[in-house]
Amino acid sequence: GFARVDHHRPLRRGYPEVVYGEDKDASQILHILQAMAATGTPLLVTRVHEEKAAQICAAMPDMQYEPKARVLYKKGPISEHAVAQRLPVQVLSAGSSDIPVAEEAAVTAEVLGQKVQRFYDVGVAGLHRLLHLLDELSKAAVYVVVAGMEGALPSVVAGLVKRPVIAVPTSIGYGASFRGLAPLLGMLNSCAPGVAVVNIDNGFGAGYLASMIADM
Amino acid sequence: GFARVDHHRPLRRGYPEVVYGEDKDASQILHILQAMAATGTPLLVTRVHEEKAAQICAAMPDMQYEPKARVLYKKGPISEHAVAQRLPVQVLSAGSSDIPVAEEAAVTAEVLGQKVQRFYDVGVAGLHRLLHLLDELSKAAVYVVVAGMEGALPSVVAGLVKRPVIAVPTSIGYGASFRGLAPLLGMLNSCAPGVAVVNIDNGFGAGYLASMIADM
Amino acid sequence: GFARVDHHRPLRRGYPEVVYGEDKDASQILHILQAMAATGTPLLVTRVHEEKAAQICAAMPDMQYEPKARVLYKKGPISEHAVAQRLPVQVLSAGSSDIPVAEEAAVTAEVLGQKVQRFYDVGVAGLHRLLHLLDELSKAAVYVVVAGMEGALPSVVAGLVKRPVIAVPTSIGYGASFRGLAPLLGMLNSCAPGVAVVNIDNGFGAGYLASMIADM
Amino acid sequence: GFARVDHHRPLRRGYPEVVYGEDKDASQILHILQAMAATGTPLLVTRVHEEKAAQICAAMPDMQYEPKARVLYKKGPISEHAVAQRLPVQVLSAGSSDIPVAEEAAVTAEVLGQKVQRFYDVGVAGLHRLLHLLDELSKAAVYVVVAGMEGALPSVVAGLVKRPVIAVPTSIGYGASFRGLAPLLGMLNSCAPGVAVVNIDNGFGAGYLASMIADM
Amino acid sequence: GFARVDHHRPLRRGYPEVVYGEDKDASQILHILQAMAATGTPLLVTRVHEEKAAQICAAMPDMQYEPKARVLYKKGPISEHAVAQRLPVQVLSAGSSDIPVAEEAAVTAEVLGQKVQRFYDVGVAGLHRLLHLLDELSKAAVYVVVAGMEGALPSVVAGLVKRPVIAVPTSIGYGASFRGLAPLLGMLNSCAPGVAVVNIDNGFGAGYLASMIADM
Amino acid sequence: GFARVDHHRPLRRGYPEVVYGEDKDASQILHILQAMAATGTPLLVTRVHEEKAAQICAAMPDMQYEPKARVLYKKGPISEHAVAQRLPVQVLSAGSSDIPVAEEAAVTAEVLGQKVQRFYDVGVAGLHRLLHLLDELSKAAVYVVVAGMEGALPSVVAGLVKRPVIAVPTSIGYGASFRGLAPLLGMLNSCAPGVAVVNIDNGFGAGYLASMIADM
Amino acid sequence: GFARVDHHRPLRRGYPEVVYGEDKDASQILHILQAMAATGTPLLVTRVHEEKAAQICAAMPDMQYEPKARVLYKKGPISEHAVAQRLPVQVLSAGSSDIPVAEEAAVTAEVLGQKVQRFYDVGVAGLHRLLHLLDELSKAAVYVVVAGMEGALPSVVAGLVKRPVIAVPTSIGYGASFRGLAPLLGMLNSCAPGVAVVNIDNGFGAGYLASMIADM
Amino acid sequence: GFARVDHHRPLRRGYPEVVYGEDKDASQILHILQAMAATGTPLLVTRVHEEKAAQICAAMPDMQYEPKARVLYKKGPISEHAVAQRLPVQVLSAGSSDIPVAEEAAVTAEVLGQKVQRFYDVGVAGLHRLLHLLDELSKAAVYVVVAGMEGALPSVVAGLVKRPVIAVPTSIGYGASFRGLAPLLGMLNSCAPGVAVVNIDNGFGAGYLASMIADM
């Protein structure tokens, strides 16, 4: 086969291998998913376009597709009760254009067993939108903060809370954003400690890491 | 002579030529200042180190030196009364390390005839420091907002006020700041409209532009 | 809803929230506009392609569309008389290829209540075109100067006038323009003080800031 | 004063404000530390050169200085027993040249109350050095992985463990490292999920975030 | 003609000129191939899309096309026996998305007379996949190691073997990969000596150089 | 009108204004050409796609179109005799993929009245191709040397001749060419003096400058 | 010896080899100069600091040193009469800080036999300074235009004259100049044709090329 | 100890660990060398300044120091006869300023048991210097080609020979060299196949790889 599935991963890392769907066709993805399905772990494929998803779901009807996040998944057997007990992962977005990346993070964390709360379009241009949420913000295990343009939101959030902030720069913006370079550098230089950064538009990576932290 | 003083400038632009002191020695600066002094305009030399300043002040005792801002100047004849009447230029800095650049802006605006108010160390990592100033912030003609690291402060300020914000990125920060590139890009991508940007560490340019706007 | 309209903005900032239309579909934009329409503020949506605009105008016939600027808008109730009294915002472009960005700035300023004058294709390769305008240039509140390629026009204009220059780099040019990086850096390094810079191709931001300044 | 100490921070964020010592002189640092000392929180100043540290310690003899990490600190009252109970923060470095940054992380985490284990010079050029540690690696709350050059170590570690990895790129290397850009980009593109990145040479930021995570 | 075929090359360099097919149309490629075919050297055209290949093969039926590698070729007269005797070129890929580039390298080396072994999808996120190959890895003349994202695989391989590693960065990855810049810089900064780097996605260049080395 | 034709240019600069056709539609170009045609100067429009050219030629049948160079032109009245007398402009290209840019330079120089000689596909990978031309190369007024990839050809040519070399980097190449940045930097750093550089893919600029020099 | 002097160069190229003095010590430079002195060509060494120059002049008293340009030279036997006949090379600088680079160009051209005119501190911030020179500017063979900051001067000059402009970006400026990148990109993107660019601060290269052109 | 010496390396990789001396003090280097000396392998420390070398040689008198290359070493027991039999590594430099990097490569290869030939100052500005060497060049196992500025030499050499070329960009040059970025990109984009690239100024890496290849 063209791919070596890392069956040992759930044992070693706690979570199964996640499939990066961008450059694989439907039959390649199916091939991998079917090899993994036997084990009963949750399944997650990211960066899947609508038509590809439809083809795969036709063959594996228990897979679900979330179009906003371009994510295909099957949750593992999760105790609803256990999830309800835990502190949630909170996912914030600065603008409404950042929502697809935020959703990729949110769905990833849910598939990996987390309770997720979403607060979208709360960017720093209208600070009261964030300040109104102060009470809610105090009740999270960890934050995923998604922002394009200047990427200021993670610093502001981190300055207000006690828990780790995972910052996700997006490629939303034009010109001197240089496809996400501006918020990426901004977030790496955050003046508020407690912020760590993942790749541009990498909602998946943020959701995964948030889940690891919330599991502690 | 090596330099052509632009004697026509006050007439054409409202303000006299300002001398960029970095690469000129004391005798060159003196030469230029003496050519200009006759006309009675205010005098301003930026980027002057302490010793150079001392040499020049020895020869022209009516020049003043502000070491934090590295600026040498002689104010023009300003009516204290007129200044008191006008709306001030407000200069804000995110951190205490940004103060030299903020001072360059503040002194420049003062030399050009403005009333200036300073609010330093009010960065977004502790937002309450800024929110406490909301009342005062509502009474300015224009804002100069100086920040290094991720440079988020101008966006936050612009989101709270009605007047133009001039953003000055500083080279304060390390590593992925890339000597001010991070806050520069951040400020250019501000999600809050009403922000314009000047060169990295260019306190002078910000103070000059602020003065032009406050003069309107 | 996916978006939190900042209804408080006109009060806080003097102008209403402006909708960034690039990544939103017609129904999302309509949703936001209808939420705002009740309040009677002017409405402005930027980066709207022709078909999207047609769909929206069909539902809200009092919206107008300016194709060159890709802007959709409804002016607020403006007193023609008041507008005529004030000093205009002057919008200059270096080449004829820069006109779409210049128009975005011009229409933005008009929607926000300004009188606007346009001088296009007056780049530095044929300086007499600009020098012929010297008289007219002396009668503005503020200048928006739009240029691609090396972006030299803002410096030259700033060297001739008493009022603030807002420089807008465009992505027009090829190769070593690096999609607008060349004029962006050029404008940030302007040797003439009194210049501030907005994002590449950001006509909207320049028109908004110019309007703020002209309102003073 | 030039600085506004954020006294509210321990309450809001769980940890006190940390002082960035690079651009402050001894008297400025003393001024801030004395304002904070009263409250009994731990004290931490980063990027302090030896002589500056000596001056401060002379005035505040209960401060300690760690020269390798260039860090000045006073631990808060920590129960040795409580520390012993918890899972440690593990700090790994790829080369021996990366140790100063690794120590900044380690001491930061210790001052904030963590138990810390150090594994230095375990870079991927000699993989057995890391594989020998597999057992020990399985017993951490979180990892800080410090590497210069190509910055491959965090990916390799993350591929072997269940807990979050905080990656710190260093400016160690020459030429095409471009002062840490190479490992920074490498770490952001890690093929192993569970990695987040902080600024180049930012040991402090990594130690702080690790401490937040270990506190959960 | 538009092209000057370097007929002298096989003599001077040991291998014939290879045709870069990207910007040439089918008739131009045919023209060149026919000029070279007479001499009996192997023929190799890289970066050829499927339809172009079909057109050319129709006219020159002894050409073969490998779609995964987008390579069109005719092997020279090779003694199977001689090939079997020699140490192979081993081609490794980190992910399955890197396979097209790896195949370009592998087919190039085969056309130039080498024995090639392929080990794909053995990236550092699951190190055991590589460690299982240790025995096989000890039996190569030279390694071509293809990786996108952080590009860590060449360092890890070089740390385990005695022979030269040719590292090929790919443009696979998103955001802060900046189209292959991240793995390119990573590979240039490899902490394990014995690694040299070719251009991003340049499978051909790696296969050619590997062949030169294996010929020694 | 949208464009201000610089009718004064032939007088001031010796050559007429050249139209940059990329972002203008056929009717805009026609409009400008017709305004200029009256004066009898040569006409030149660059970056014109085939269909646009056909539309314009339909309306102005004395215009000619050169598809390889994407250039539309009408030569002025040139004395064939005078042209024959002068030293030619020599245009060299490194690869056959660089020919469109080389042709833009060649046609530009011809339209401006020069005699042009073309030597294509003489890159440094097969040095004998260039060395065979040594005699011919000694008889030029000026050289336009077009190269992509590493852009080494201008240095090599300059090292062999007495006349100025105008170097044109092209965006031909992949990966670490970064769309022409590699040959651009290479040419700017030429170790052979006598080389000056124009923008990436700017055949027009090179042909224009070459013509100016050959006119001396 | 460590260096292979290219004795054949005057014959092949018209001018002798020029010595790059930056990284060579006085004895190495002497060694090379003495090897060349026999031939009677002019001698030129660039980037020589004062002390090194003194050491060399002590040993070769007919060498001259120009400290502003950091250039050491001995003119060849030039007929004053012949020089007076020719059109001069004109060297312009935008600011007075650019003078050292301008002088390197001017002295280089003089050593290679040209008549040189200097116009310094005529940048675009005060355009009248340049317009006053229009008459003089019309009498040159070629222009060397030296500018830092945004580097606008070459475009403006080229728009006014008939002869080639060689643009030299300098590293003068701060922050977003990125050590000369800003004017370099600006000059490469000049909207006025007839401009070619040399390396940042490369006065030598500009003077050499100008001399080649003036010799035609 | 602070460092974990990789004693297993000679077995695994054929060569011992090489010490990177830049950031280590004399006592740290001594500590490592003494741990390794027992085993009888050759010893190599790179990037050692003169004084540090003197201190170490005082304690370990059988170490030798090569100041041009800044390398400290002790050769292993090599059979002079065996060395004489083999094809040499040839090290070429473009300029005389590139010699220190070339020497680092040459000495590294010698310490690892190779026969080395040096050809310095043979850059492309005077091609005859290289062409005179054609015969000698045909008798190497592998080439290390060191060049700064535009870095064209490796392409030219590779176009003339049958064996692998290892290209080493140097930081020699100014301005738009951007500390070696220009030759680095140039070499990665070489139009001649058979070239691989190492880090800027990384003579050590090139010498090590050349030695590996020559050993085959």
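Each chain carries a letter (A, B, C, D, E, F, G and H) given by its place in the written order, and its residues are counted from 1.
The working rule: contacts are C-beta pairs under 8 Å (C-beta built on N, C-alpha and C of every residue); 3 or more make two chains touch, one makes a residue touch a chain.
Model, not experiment: these values are computed from the prediction.
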item: Chain separated most widely from chain C, comparing mean CA positions; value: H
item: Chain located farthest away, centre of chain F as origin (C-alpha); value: D
item: For chain C placed onto chain F, the superposition rotation in degrees, Cα atoms, nearest 5; value: 90
item: Interchain centroid distance [CA atoms averaged], chain E/chain F, Å; value: 36
item: Distance from chain F to chain A - Cα centre to Cα centre, in angstrom; value: 51
item: Chain F and chain G, separation of their C-alpha mean positions in angstrom; value: 26
item: Chain centre separation (chain A, chain H; CA means) in Å; value: 46
item: Residues of chain C whose C-beta touches two or more other chains; value: 95, 125-126, 159-160, 173, 175-177, 181, 184, 188-189, 199-200
item: Pairwise chain contacts under the document criterion; value: A-B, A-C, A-D, A-E, B-C, B-D, B-G, C-F, C-G, D-E, D-H, E-F, E-H, F-G, F-H, G-H
item: Touching residues on chain G, where the partner in the complex is chain C; value: 94-95, 123-127, 148-152, 155-156, 158-160, 173, 175-178, 181-183, 185-192
item: Chain G-facing residues of chain B, complex; value: 2-4, 6, 8-9, 17, 20, 22-24, 28, 169, 171, 179-181, 184, 199-202
item: Chain C partner contacts - residues on chain B that touch it in the complex; value: 12-15, 18, 141, 159-164, 166, 184, 188-189, 193-200, 204-205, 208-209, 212-213, 216
item: Of chain A, residues touching chain C in the complex; value: 95-97, 99, 120-122, 125-126, 128-129, 172-177
